[in-house]
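Look for chain A in each of the two complexes below; its partner is chain B in the first and chain C in the second.
And then the complex of A and B:
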């Protein structure tokens, strides 16, 4: 995945060609295509809304409207690694707040923000379905459970060099 | 308190499907109807009736959808099913498809469970190789295949009409019912949507019969239920219980100590105090999609209220005004309770707003989002308003 502050139209078109060589243009596949774009670029921007709209034959506003509905289709600049710490009650009971603090220390930005190098975005997530192994977090599509502040810091460090 | 566990048991693959091919479709529908199986996702709609309605709908294209958008706070039993015995879910879907006349099945997997996708695809491939999916399954004339579609982090998509919208590539906003998905669902074709655990029950009922199933549970809640237990217990995890088990017995199994309150049904469920631990988990008494969260005596009830209401404020899709504005009002009310500044009049208002949300929200999210708040208010009034 390449996350940079500037994504060119050409890059978007190339990636869309790549995605659409494996997926057809049924409207039902819109979400899947947007998910692939997020996987590649980390977030969705106006260029992508326009280009995806052209391919599917829907208005760019409609593409934006769909994206903005879903927590996992970010429509503002977002880091390469999205750290999502579960905020729901079972994790909260197991001190998820301390995990957040530890990660904030480690990456140097507060909850809801992205690091300057566009590497990490720290977000809260609703129930991750890991309540028996609380507290839990996701980093992109990987799940980490039974966290302690030390363990969380270690995991984040392992991503710093990726 | 019999240990009746079978839902998480492995079965001989294809056995139930083979048996289904030997029986005619109407008969399978009758067996499922007779078993009393109800949807395990929370709403508890009779599965046999759903099969009958979808089977009776006249269309050449129909869909079977497995709702794996397990998002209710405190629920993780579908995750455990999908990690351990996905083949049984898929076989249940295939039997259902055979009965209603569908050729395509879709698993709507929540985005948070993306890491399960590769394993599920593997299982599907294996089943295709063994002719349990694909063309002319097990030598019959029945074609059926399953694909996995990934959600993108929206709790409301667990509601079936919202889930269908999402599969159509739209915002996951719930729609008015009727029409029900069984008559007009995905791309306006008849669609049967059921929970992961429900599909898991079907192969067993087909092979062992309705009476076997009815011998478990209570009169109106036949069979067993997977319960995800978390919070202040020594042994969190998934427990398979017979319907009708008392809350206090479940607490014993999970080794809960010093328990002050138990939430049953997650953020949209209810929270009960010790005086009600004799109540039963069943459709007759306290129903649940599978979430039980335990709180010990060190916990403050207002914190639980706050967490749940913030959850709904976050997840309300915003299309129905009572839900969108109501959840905000309730979050503000929690702040006032914390500051000790809430008045009797405001509490009466909250109850009115809660009734209004129940009556006028399109989907289950808005209709149930104040359940936990109101039950905490009723059951722990002294603590909250002192």
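And then the complex of A and C:
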């Protein structure tokens, strides 16, 4: 995945052609196509909503509304590494809030924001299914469990030079 | 089949909801997200009922009746659940009722009263979390929104515009525009139908009441007012009268008491619109049939500013089909500031023109930069029917106590053809009454001038009229069958315009109104709205037509005089300068690169 700073309409159209050569325009495939776009561009923007809407015969605003519902279909440009700390009850009981605080210290931005160098975005996610190894977090597709504030900081540092 | 509600045996038909059966049997179940104009949602859970054998409470608005069902609408469990749901909604609802535009007309507040809410066990939202969005026509207050989704369904189903959608999830969910770009940068048509269906004060018109008070109080200003046809058929509702009560004379008296220097009627310029648009239609017929020009027919009406903004966004390729006539409101403005000002020796820079409209899109229309044909802003302020009622109440006036008074001259003289502009099909009927007579010299061949095929609440109506025995100069029309269509609501407009775009439509003339029922169901009319209320208002409009002595626009003596003294003839150079306009090709989303 790359996070493009500027995405042109042409790039979006090319990528959509590419994705749609492998899948059909059944409305049920809308989410899969949006996922593919996120995989390619890192997030969904207004150009993509318009183009996807055109192909599926769905209003672009409906595409936006649907995307906004899913945490994994971001509708805002975000950092190269998306850190998602679990906010559900098991992790919360195991002090996930301290993990968030430690990460905030390490990357220098508050929860919900992206670092200036567009490297990290810090978000909270619903249950990651790792309750037995709480607290847990996800960085892009990789899961980290049984975190302590120190361990979390160390993991973040390892991404800084990647 | 039979079902039992609260022990009473009720007849039900397959496919009926519990709410419908209860309603027919006089059993009230409270609702909030439900609206008779919209599809079912079942998300507010105010209408929950107990059903024997069901594990959980059922939402009466969505649950279908089935044979032998036993339903209880008022058990302690039901009351407790409804009460808690109301409390939860109140907790997430920001603001104080006494500063709310919907003070005294709020469905949430009414429910709180009905269920005796005396305390809020949940913390109340104490501060704003989202900003107000203010456009020339409407204001959105997301902090007052209770997420019933009526505005979303209105915009989607009724209007096919999709300007607002639910965004986010869980406690972050809110109603927003495309990527938060704002109503002014998306294809919102400013029709305001969402306002009429919002149960709370989350949507309302952007008010012009204060600047109008200021103008009235300014001794240097000469303030004239015009009132649209549909206002007189609905204003009474704001004063507790039954829908469908005609209050024309009382409204005129009230406006005079508010201090307007002249009380005029938009119906005068509705008659003028018929002269201009009728003449334009005949010209377009000739250019198409004789000169074989393309892109001129069918011609569509241009009175509804919601429709204009819709076609500019959604069918910019078909703009040549739209009549170049301004709406009656915008014809009135420049005539007041030129013809009338000259006649009366008033300095137009000191004149303020106010219009009372059943519409919020008219506010946007008045702000369009091209609307300054008089050399000044043609229409200074637009007030909705609701805002007029508010002003009257502030002045201590009750419409019920008002005497019946007449409009001022010369812009107070109008015909029955003008009053029906307020109902769907009315502009078409008025135009046919005039065009047929211009071309043949005879009255339109319908009993009592009532062109019934274009009346009524069907979303798309069609009619045909064969033109025979034409006058010499209209020989090209001999034997022609003129086909017309009438659509109201923008989803109906879409049906018709898709056919025009594909070339499938054989129409010559199309009337389109953005709002269901036409202007009488406009976004500036009293809240609530329903099919029954709109039918009652339509009855009032047609009664008003019948009661008029003159029923055809071309027989309006004040219009004849206006042409003699000032405009020369329909579609003259001067008429074009003051009364005609052009349109803009717009994108769906102007911020998308």
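The criterion applied here is as follows: the second predicted complex is superposed on the first by the 160 of 162 C-alpha atoms of A that agree within 3 Å, B and C clash if a C-alpha of one lies under 4 Å from a C-alpha of the other, contacts with A are read in each partner's own complex, and residues count from 1 in each chain.
One rule holds for everything that comes next: a residue touches a chain if its C-beta (ideal position, glycine included) is under 8 Å from a C-beta of that chain, and two chains touch if they have at least 3 such contacts.
It should be emphasised that the depicted structure is a prediction, and the values quoted were computed from it without experimental measurement.
Undergrad: Clash or fit: chain B and chain C on chain A?
TA: Clash.
Undergrad: Looking at A:143 after the superposition, I want to know if it touches chain B, chain C, both of them or none. Which is it: first, second, both, neither?
TA: The first partner, chain B, only.
Undergrad: Applying the document's definition of touch, where does A:90 land relative to chain B and chain C: first, second, both, or neither?
TA: first
Undergrad: According to the stated criteria, A:75 is in contact with first (chain B), second (chain C), both, or neither; which is it?
TA: In the superposition, A:75 touches chain C alone.
Undergrad: Mind working out whether A:162 is in touch with chain B, chain C, both or neither, as first, second, both or neither?
TA: In the superposition, A:162 touches no partner, neither chain B nor chain C.
Undergrad: May I ask you to decide whether A:9 touches chain B, chain C, both, or neither, giving the answer as first, second, both or neither?
TA: It touches chain C, and chain B stays clear.
Undergrad: For A:65 in the superposed arrangement: first (chain B), second (chain C), both or neither?
TA: After superposing on A, A:65 lies in contact with both chain B and chain C.
Undergrad: Just checking: does A:50 make contact with chain B only, chain C only, both, or neither of them? Give me first, second, both or neither.
TA: second
Undergrad: Is the number of chain A residues in contact higher for chain B or for chain C?
TA: The partner with more contacted residues on chain A is B.
Undergrad: Given 3-11, 39-47 or 237-245, which one is the stretch of chain C whose C-alpha atoms run into chain B?
TA: 39-47
Undergrad: Name the residues of chain A shared by its contacts with chain B and its contacts with chain C.
TA: Correct list for chain A: 65, 69-71.
Undergrad: Which residues of chain A touch chain B once you look at their complex with the stated criterion?
TA: For chain A paired with chain B, touching residues are 26-32, 34-35, 56, 65-66, 69-73, 87-90, 92-93, 125-134, 138, 141-143.
Undergrad: Tell me, which parts of chain C touch chain A in their complex?
TA: 156, 162-169, 177-179, 181, 186, 588-589, 591-593
Undergrad: Mind listing the chain B positions that touch chain A in their complex?
TA: 70-76, 78-79, 110-115, 149-155, 166-173, 187, 228-232, 236-238, 263, 266-267, 293, 295, 299, 303-304, 307-308, 310-311, 314-315, 317
Undergrad: Which residues of chain A touch chain C in the complex?
TA: Where chain A meets chain C, its residues are 9, 45-47, 49-50, 59-62, 64-65, 68-71, 75.
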